[in-house]
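Shared chain: chain A. Partners: chain B in the first complex, chain C in the second.
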Partner chain A sequence: MHIPDGYLGPETYGGLWAVAAPLWYWASRNLKKTLAVSEVPLLALGAALSFILMMFNFPIIGGTSGHATGAVLLSIVLGPWAAFLALSIALTVQALAFGDGGITSLGANCMNMGFAGVFSGYLLYRLLLKGNASNRRIVIAAGAAGYFGINVAALLTAVELGIQPLISAAPDGRPLYNPFPLSVTVPAIMLGHLTVFGFVEAAFTSIAVAYLLKAHPGLIKR
Partner chain B sequence: MDIKALPAWLKEKEPARELPRGKAGRAFERTLKGVLGFFEDTLFNETVSEKAGFLQHVEPRLKMITVLALIVALSFKKTIPGMLPFGLFAMVMAMESRVPLLAYFKRLLPGAAFTAVIALPALFITKAGALAAAMLFIRVVESLMLVFLIGFTTRPAVLVKSAGAFLPGVLRTLLSISYRYIFYLARRLEEFLFAQRARGTRAGVGFSERKWAGGRAASLLLVSMRLKDELQMAMEARGMSYSQREFMEKFRFGIREAALLAAAAVTILL
Partner chain C sequence: MKNKKLWLILLMLIILTPFGLILPKLFGAGGAWGEWGAQEIQKIIGYAPLGLKRLNELWRAPFSGYGVRGTGELSGYLISALIGSVLVVVIGFLVGRMVARRDKKR
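Entry: the complex of A and B
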């Protein structure tokens, strides 16, 4: 789901940088106010962990497998703002040191996976936990949130790519960046996420949460 | 011997299972390949960044900003002839910096192949479609060529410090600490994977394989929690705060920096 450099035009990636930058600033200021100095290591390790979680190839049915992002898992443990910052740092290291995901599209990737993916998943998780919060319900809610979060992130990615022919074309109408319209990008990306990667993320999140509930229940935000 | 000192995999009670064949073991192998590739890439970057090449001796912050400016400038180019100088710039810089070209192209391959697959259908639509596909391919590959120059020619620790120089306090501290612990956690993951393999098991098939992967991810989270306490104590003992400034060498501007800026300016203006 990482958008590389070259797929988004300056209007799109510039706009998304303009949205992401104040959010990073606000999140870091907010954390500075609300977070004890003692929690800085937790956040830093959360960022390192999110980098590693993206290395996990998670198997689902029939030998199919995919990468999990761990976005909702991190938000359940660290809180959504901290998870957003953690994922942003992991994506920055991936882009700068390993060329995985673009530099110009870093704002877009952080907004899609780090912000939209985290917050939509976390909100659904909170919503599903209203009232009764038994362990079983927490595990199911975490899985559903993981599925929802990654699909929201994928949909945004598909939309950003699909609007390129509309907003960034040469005078002769030739697309300058991603050449495929929304009618191609949305089904192409969403099909894989709705049928495979969403379930990868759901299974990954719920199994990890189930493990934590057994081994370290205090870490799970209820 | 204290039982606590034993690695977790030795204490597991689950019986060893036969290695799954074919598709069933692919996820395990892919994760292992990913982790090993990560260490291989880092080691390679470290080795090349120690060479006595041109970009290795350029002020790292200036190098980073120049390369980023080139990637942004490349994104504004609307014709193929306008984009080609950027690839040429990257090639010349790679050669002057003694980057092994075969390895350079090998690193480009996954991104290039991915874009080729994406762009392929556009080739068969119209002439304009073919041109759009070619532009996308060139733009993506040249952007990768540029960004790899940073990783290849800057020592990882310096790269993180230089990136941190552009970030506000708490983010700088987070980036600096997290980068160091990425390697620690990757090593732990590698240990999990090799331990499973050494026992003659992967993770079973079906649900048990998923349970294994999810469990290992949660284990890494717990490792992070434990490390957090140690790190916190170490930070407090050293009197560190949120916005700890990393020691950075004084900004320098000499003949190499001027040459890099001039070459970049010519590339952008061509």
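Entry: the complex of A and C
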């Protein structure tokens, strides 16, 4: 899901940088009120966990591979704004040091896996918990939210890639950036996430939340 | 350190990262969809889109593809996991300190 440089044209990557920048500012304003200094190590730990989690590639037999992101787990422990920042830090290091995801497309990747993946999953988690927050329900809601969040992120990624042939072309009429249309990008990316990587994310989120409820119950926001 | 156990879990996961490289190979799976370089795209569709080619090599990452020059594939992956975690933790602390609420000293 890490979009490399060259797959998005300037309208798309520029537009997504322009959306991401004020959201980072808003996140920092929000955390100024809500994030205690004592929670900073947890933010650093969460960002590193997300970084490492994305190195565990799971295969679709004979096809491509993908990974979980930890976005929803982080949002449950740190709150969505801190999770968005933590994911953004992990994605920035991945792009700069390891060439995983591009520089021009960093805003897009932070919006997809960071913002959309975090907030869509976190909203579902809160909805599912309404009124009843037994441990069992929290674990199931966390898994479902993990599955949903990563798939929202994947769908956005597929759409951003798939609209490229529609909005820009070289003088000879051929695509200038990502050459695959929506009819290719959406099935190609969603197939893996709906069938395999979404469940990897769900399992990871549920197991991690179940462990935290037992070992560090104070860390789980109900 | 607070939450020492959680940091140990992170360390354990770092040590296990080479499995994230081995597992897809075991099942004959390639990399992630849509993360190919310009040359690979050329092989797939017969040409490399001009804009894609121009932007694709914009940045040469020092540990491109989670590899470290002079080390094997698996050890490079493991070293990358270590380097990356240290970088993310350091930046996480810096950013966290910058944005966190200042508690009044008691």
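Basically, the second predicted complex is superposed on the first by the 208 of 222 C-alpha atoms of A that agree within 3 Å, B and C clash if a C-alpha of one lies under 4 Å from a C-alpha of the other, contacts with A are read in each partner's own complex, and residues count from 1 in each chain.
Note that in this section a residue touches a chain if its C-beta (ideal position, glycine included) is under 8 Å from a C-beta of that chain, and two chains touch if they have at least 3 such contacts.
From a predicted model like this one, the values you see are computed outputs, not experimental measurements.
In the three-chain model built by superposing on chain A, chain B clashes with chain C. By the touch criterion defined above, A:Asp5 lies against chain B and chain C together after alignment on the C-alpha atoms of chain A. When both complexes are overlaid on chain A, the residue A:Ala170 reaches chain B and chain C alike.
Of the two partner chains, neither chain B nor chain C is touched by A:Val72. Contact with both chain B and chain C is seen for A:Leu85 once the two complexes are overlaid on the shared chain. Of the two partner chains placed around the shared chain by superposition, chain B and chain C are both touched by A:Phe98. Look at A:Ala215: by the touch rule set out above, it reaches both chain B and chain C.
In the superposition on chain A, contact is made by A:Asn178 with both chain B and chain C. Touch criterion met: A:Ala48 reaches chain B and chain C at once.
In the superposition on chain A, contact of A:Phe204 is made with chain B only, not with chain C. When the two complexes are superposed on chain A, the residues of chain A that touch both chain B and chain C are 4-7, 9, 28, 31-32, 37-38, 40-49, 51-53, 55-60, 62-65, 85-86, 89-90, 92-93, 95-99, 102-104, 170, 174-180, 215-216. Across the complex, chain A is touched by residues 22-24, 26-28, 30-31, 34-35, 38, 41-42, 45, 64, 68, 71-72, 74-76, 78, 107, 111, 114-115, 119, 121-122, 128-129, 131-133, 135-136, 139-140, 142-144, 147-148, 150-151, 156, 159-160, 163, 168-171, 173-182, 184-186, 189, 209-211, 213-222, 224-225, 227-228, 231-232, 235-236, 241-242 of chain B.
Those residues of chain A that touch chain C in the complex are listed here as 1-7, 9, 27-28, 31-49, 51-53, 55-67, 85-86, 89-90, 92-100, 102-104, 157, 161, 168, 170, 174-180, 185, 188-189, 192, 215-216. Listing the residues of chain C that touch chain A in their complex gives 1-3, 5-7, 10, 13-14, 16-17, 19-21, 23-24, 26-38, 41, 45, 47, 49-66, 77, 80-81, 83-85, 87-93, 95-103. Those residues of chain A that touch chain B in the shared complex are 4-7, 9-10, 13, 24-25, 28, 31-32, 37-38, 40-49, 51-53, 55-60, 62-65, 68, 70, 73, 77, 85-86, 89-90, 92-93, 95-99, 102-104, 170, 172-180, 203-204, 206-212, 215-216, 219.
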